[in-house]
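You will see chain A twice below: alongside chain B first, and alongside chain C after that.
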Partner chain A sequence: MRLALWWSGRALSSAATLLGVSILIFAAVRMMPGGFAETILGPFATPEQKAELAARYGLDQPVFMQYWHWLTAVAGGDLGTSMISREPVSLELLARLPVTAELTILSVAAAILLGVPLGVLTAVRARPDGGAAVGRLLSGLGVSVPEFVLGSLAVFLFSRYALGLSVGGYVPVTVDPAANLRSMVLPAAVLSIFAISATARTTRDAVLGVLVEPYVTAAVARGESPWFIITRHILRNAAAPVVTLTATITAYLLGGALVVEYVFNLPGIGSYVVQAVGRRDYAVVQAGVLLAAAVFIVMNVLVDLMVGTLDPRLGVTAKGRRA
Partner chain B sequence: MSPLLVVDRLAVDYRANGRTVRALDGADLEVAAGETVGIVGESGSGKSTLGAAIGRLLPRTARVDGGVIRVAGESLFELAPADLRRVRRERLGFVFQDPIASLDPTMRVGRQLTLVLGRGTGSGDVAAHLDRVKLDARTARSYPHELSGGMAQRVAIAMAMAGEPELLVADEPTAALDSQVREEVLDVVFSLAATTGTGIIWLSHDLAAVARRCSRVAVMYGGRVVEQGPAAEVLGRPAHPYTAALAGSAPATAARGTRLEPVPGRPPMLTGPSDGCSFAPRCAFVIDRCAHERPPAVRVGDQDVLCHRAGEPATIGQGATT
Partner chain C sequence: MRRPLDLLSKGGLGCLLALVAFALGSTVDLAGDPDAIVGPRLAPPGPEWWMGTDNLGRSMLPRVMEGVGTTLLLSCTAVLLTAAVSAAFGILAGYRGGYLNEVVLRLVEVLYSFPAIVLAVLVAAVLGPGQFAALASIVLVTIPLMTRLVRAAAVGVSQRDYVTAAVISGARLPRILGRHVLPNVAGTIAVQGTYALSVGISVEGGLSFLGFGVQPPQASLGVLIRQGGSYMIAAPWLIIGPGTVLVVAILAINVFGDGLRDRLEPRETRSLT
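Let's look at the complex of A and B:
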């Protein structure tokens, strides 16, 4: 009962969020200077030509009518048609999904597999000496160096000195798995530098917070080994902020890693949507943003469920603790 | 036979933000196997630091500045990590002030007990250990936040006593509980320890309460054990002026109608080794030596006392009111 109530509440608030996002993006796209007609027909088009084109795509109708048509179509599962390629947007997005999904999976996997142990280790070994300062500097750099700098650097180094990984040019897994991996390692590495650093930092802070908890002291007092204490008591108690961060990174990357896809010339969702913005391809931009928002909402629900499972005090079904 | 626990001239400093605070300034303590010892002192007297040091559980900001601790002959600060863990596992048990916080919030009570008891533990064993602290077997299914403070402390006691340690260190185990539950929890601790032959170090600020249950009492002040001896003697015939003042200010021992005498002045905050007796500024019997000469241990009756004037008739006997 409590769970059903929670789910319906989440569904309602998610729908409201999506609706708000859709209104915002719909309005924003139409407020951009230079409309679709100008982009397509060029600067020398006559007003008649423009009017004719606008009428064909329904752009001459009042904005709220346009919105209503679009909204009802989206609600029925139709994301619209690209005004440039004339292909259904959903198919185009689906075709680009594998690239973005692979980038996301590789980067997030690296963030968890490297960032979490790194964070735990630096927290457990933390002493007020030089090592900690170097660690903080490195993770600070990792979080703050922009992707286009790292990406350009990687592209330069690996193409100039032929270091064995291909830069640019995407090969689908289905065609050649090895070549696919070679083409994806660099962009994934560039993306994961941020993800690893952020994960390591968050993990470190969370673990440092748990280390001073009396139940950890109690476990030490019982003569438990560090490994036992870390795996049985610390990881789970420190997990909530790390799970939240990982989900945010995942959602962010699934929405399209714009810069990296651009630098490495990968046909992912990010570069597709950016391209569409330049061409005023309204349907594509709207669908892309809506998708990114939906991914964030789903991730947030997942985070709430997971955090509740990790810590019974915060659970969505926790007895009496939460209204 | 050598005592189970020996603390010899232990000095511990805390360092934070460039400041040094001396928590222990040469503390001495001996506890024999199966003995129940109450350690009494105000906040800041160093009793919690002493309790933590016995398990080498001092926080990272602490630094041992001299002295030794021996548990069953093994020098604690010289042990390799694995040996230290063995000593903690086999000989020592700890119970802390905040019972709910000392249990892992993400784990059911039964699972935590199972982890302590080791592999191959059935639910029957868990129930038996819960029964030893007068808890229902159903408690095993609860998470710590679903328990009352008293129940949580019983669980913590069950976990600390699961390995039948030789010495249980309880740092104000009832401070967070209300008075009714307090006595029940103490009953559980002392009766369980009596059946397993476990010695107890009970850290408290309540001299009278400690004297009722423990065979011996050690009084701490300014990071030193200023008086130790049989509980009845220390409470009834205090030999150190501080103990006398403490006994006089304890509400439970005061006769109806008599005025409670607080210890005048405030406890010291040491930044390094004390030059003399750290109680001197508050002491009614202070003489010149007290300020610049550290008092050595003197035997007065059955007590060991750190006081230059210990044993003088002027202080003893009339000491209860300063």
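Let's look at the complex of A and C:
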């Protein structure tokens, strides 16, 4: 019962945040330079034409009504129409979703599959001298290299020296899965360096925290194998901060994907939004930003759910909000 | 209690100071005029131009010096603004609690829901590309985490005996907050400030790289890397030079921040920047 109550509270709070996000984005788009009428009709439109257009698009109504119309339309899946292509934004985003999703999923997978073992390894073998400093510097380097620097370097290296992976030239997975993977490995690698390093650092901290617990000492005293201790005692108890980090990392990756898609010229949502800002195609910017924020908020709810399942102690008493 | 910074963090601080000196060098044209055409186009690094020349034949060294200056100045200004706003709202919300606390937390939560560079792009779309957009982006991106942590620290400090003593002895609100709470959350502000600085540098770089931040002819590290991208195959030094400086700057700040955190907040858990 308490759990259900806590969950409904969590859901309500997320909904409130999402509402705040939508208000902020709506306000931001209203403040963008270049009036809608001028953009559509050009500089020589008569006042009558402008008034007619404003009436057609509901721009003569109070701001609150406009927001309400927009919100109900978005809730129904209508994200507006691109001013450039005159296509519904939702269709355009949907067409580009696979690229961004593939990029993000590959990176999150790399972060978990490589970052967690690296973090455990460095924590279990941590010595207070030399090696630790090198490890700290390396993982520090990983979280310090921005995607656009790493991406530019990768584009240079791989296009100059033909190292086997194609740069640019995206191939949809439905056309040729092997070629698709070849074109996605490099962008995904660039995007995931930060995620892997951040995951490794967090895992290391979490594991170091668990290592000093009495039940680990007890397990060692009982003569359990290191593998058993790590998988059964340490990982399970160190999981919460790592899983929580996954949500933050997803948000980070969604932003990073925007840059990486731009660098590698991939036809994803990120590069589409960057293009749209340049063309002042505000409906697209609005939808893209809203999508990114919504995904992040939903991820956070899912992560709370997962952490609660992994560690029942946290479920009810847990900080309902991220610290 | 006051442990000295470890060697790595001292190295980070030294590196950072060296970069500041490097940037200051451009204000007196130590390595020449950043806009002067001094040699052939796209010449590789050599004795006359240590970092090579760009597509117009300008020496890259003074351009990178100017770029570091622009980037550091923008990021530092933004972080100072963030620190001021976060300290004010974080402390007030943490001390007062109640209605104000709820409002601050809500606003912070909303801002926190945007991925950094996505928020920066939105800000650039509203304000129009330029330095001001970069500045505003950094402030908005760094405010949520700092406000949240300052508030959390202020909640703890507000329950201490010395604050209660100050209240009992009749101190007014500004005095309590300024003399008793602020000095005791200053450590958190300093640590988060260094992390915010590294986030700021990377946001400025990313935004300028996309073409929405600092605008040429003014150089910033992001602008230089963007411009270098077009000639990258023939002249990789155009991105390797500024790219290395950018990474060194962020790494130095992060490492210094880690040391500062270990010293000022020994038990804090690591936060993702």
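Note that the second predicted complex is superposed on the first by the 271 of 323 C-alpha atoms of A that agree within 3 Å, B and C clash if a C-alpha of one lies under 4 Å from a C-alpha of the other, contacts with A are read in each partner's own complex, and residues count from 1 in each chain.
The rule is short, and it goes like this: contacts are C-beta pairs under 8 Å (C-beta built on N, C-alpha and C of every residue); 3 or more make two chains touch, one makes a residue touch a chain.
Bear in mind that the values here come from a model prediction, so they are computed numbers and not experimental data.
After superposition on chain A, the partners chain B and chain C are seen to fit next to each other with no clash. In the superposition on chain A, no contact is made by A:11 with either chain B or chain C. In the overlay built on the shared chain, the residue A:136 is in contact with chain C alone; chain B does not reach it. More residues of chain A lie in touch with C than with the remaining chain of the pair chain B and chain C.
Of the two partner chains placed by superposition, only chain B is touched by A:224; chain C is not. Look at A:109: by the touch rule set out above, it reaches neither chain B nor chain C. Taking Cα centres throughout, chain A sits at the apex of an angle toward chain B and chain C that amounts to 80 degrees, reported as a multiple of 10.
Using the contact criterion defined above for the overlaid structures, shared-chain residue A:55 touches neither chain B nor chain C, since it reaches no partner. In the superposition on chain A, contact is made by A:233 with chain B only, not with chain C.
Within the superposed three-chain model, A:65 lies out of touch with both chain B and chain C [touch as defined at top]. Taking every C-alpha of chain B against every C-alpha of chain C after the fit on chain A, the minimum distance is 9 Å. Touched by chain B in one complex and by chain C in the other are residues 321 of chain A.
Remark: chain C residues 7-8, 105-107, 109-111, 113-119, 121-126, 128, 148, 152, 198, 202, 205-206, 209-212, 222, 225, 228-229, 232-233, 236, 239-240, 243, 246-247, 250-251, 254-255, 258, 269-270, 272-273 touch chain A in the complex. On the side of chain A, the complex with chain C involves touching residues 16-18, 20-21, 24-25, 28-29, 31-33, 133, 136-137, 140-141, 143-149, 152-153, 155-156, 159-160, 198, 201-202, 205, 241, 245, 248-249, 251-252, 254-256, 258-259, 262, 273-274, 277-278, 280, 282, 285, 288-289, 292-293, 296-297, 321, 323. For chain B in complex with chain A, the residues that touch the partner chain are 55, 57, 59-60, 84-90, 92-94, 96, 98, 101-106, 115-116, 143, 145-146, 156, 159-160, 163.
Remark: chain A residues 127, 212-215, 217-225, 232-233, 236-237, 310-313, 319, 321 touch chain B in the complex.
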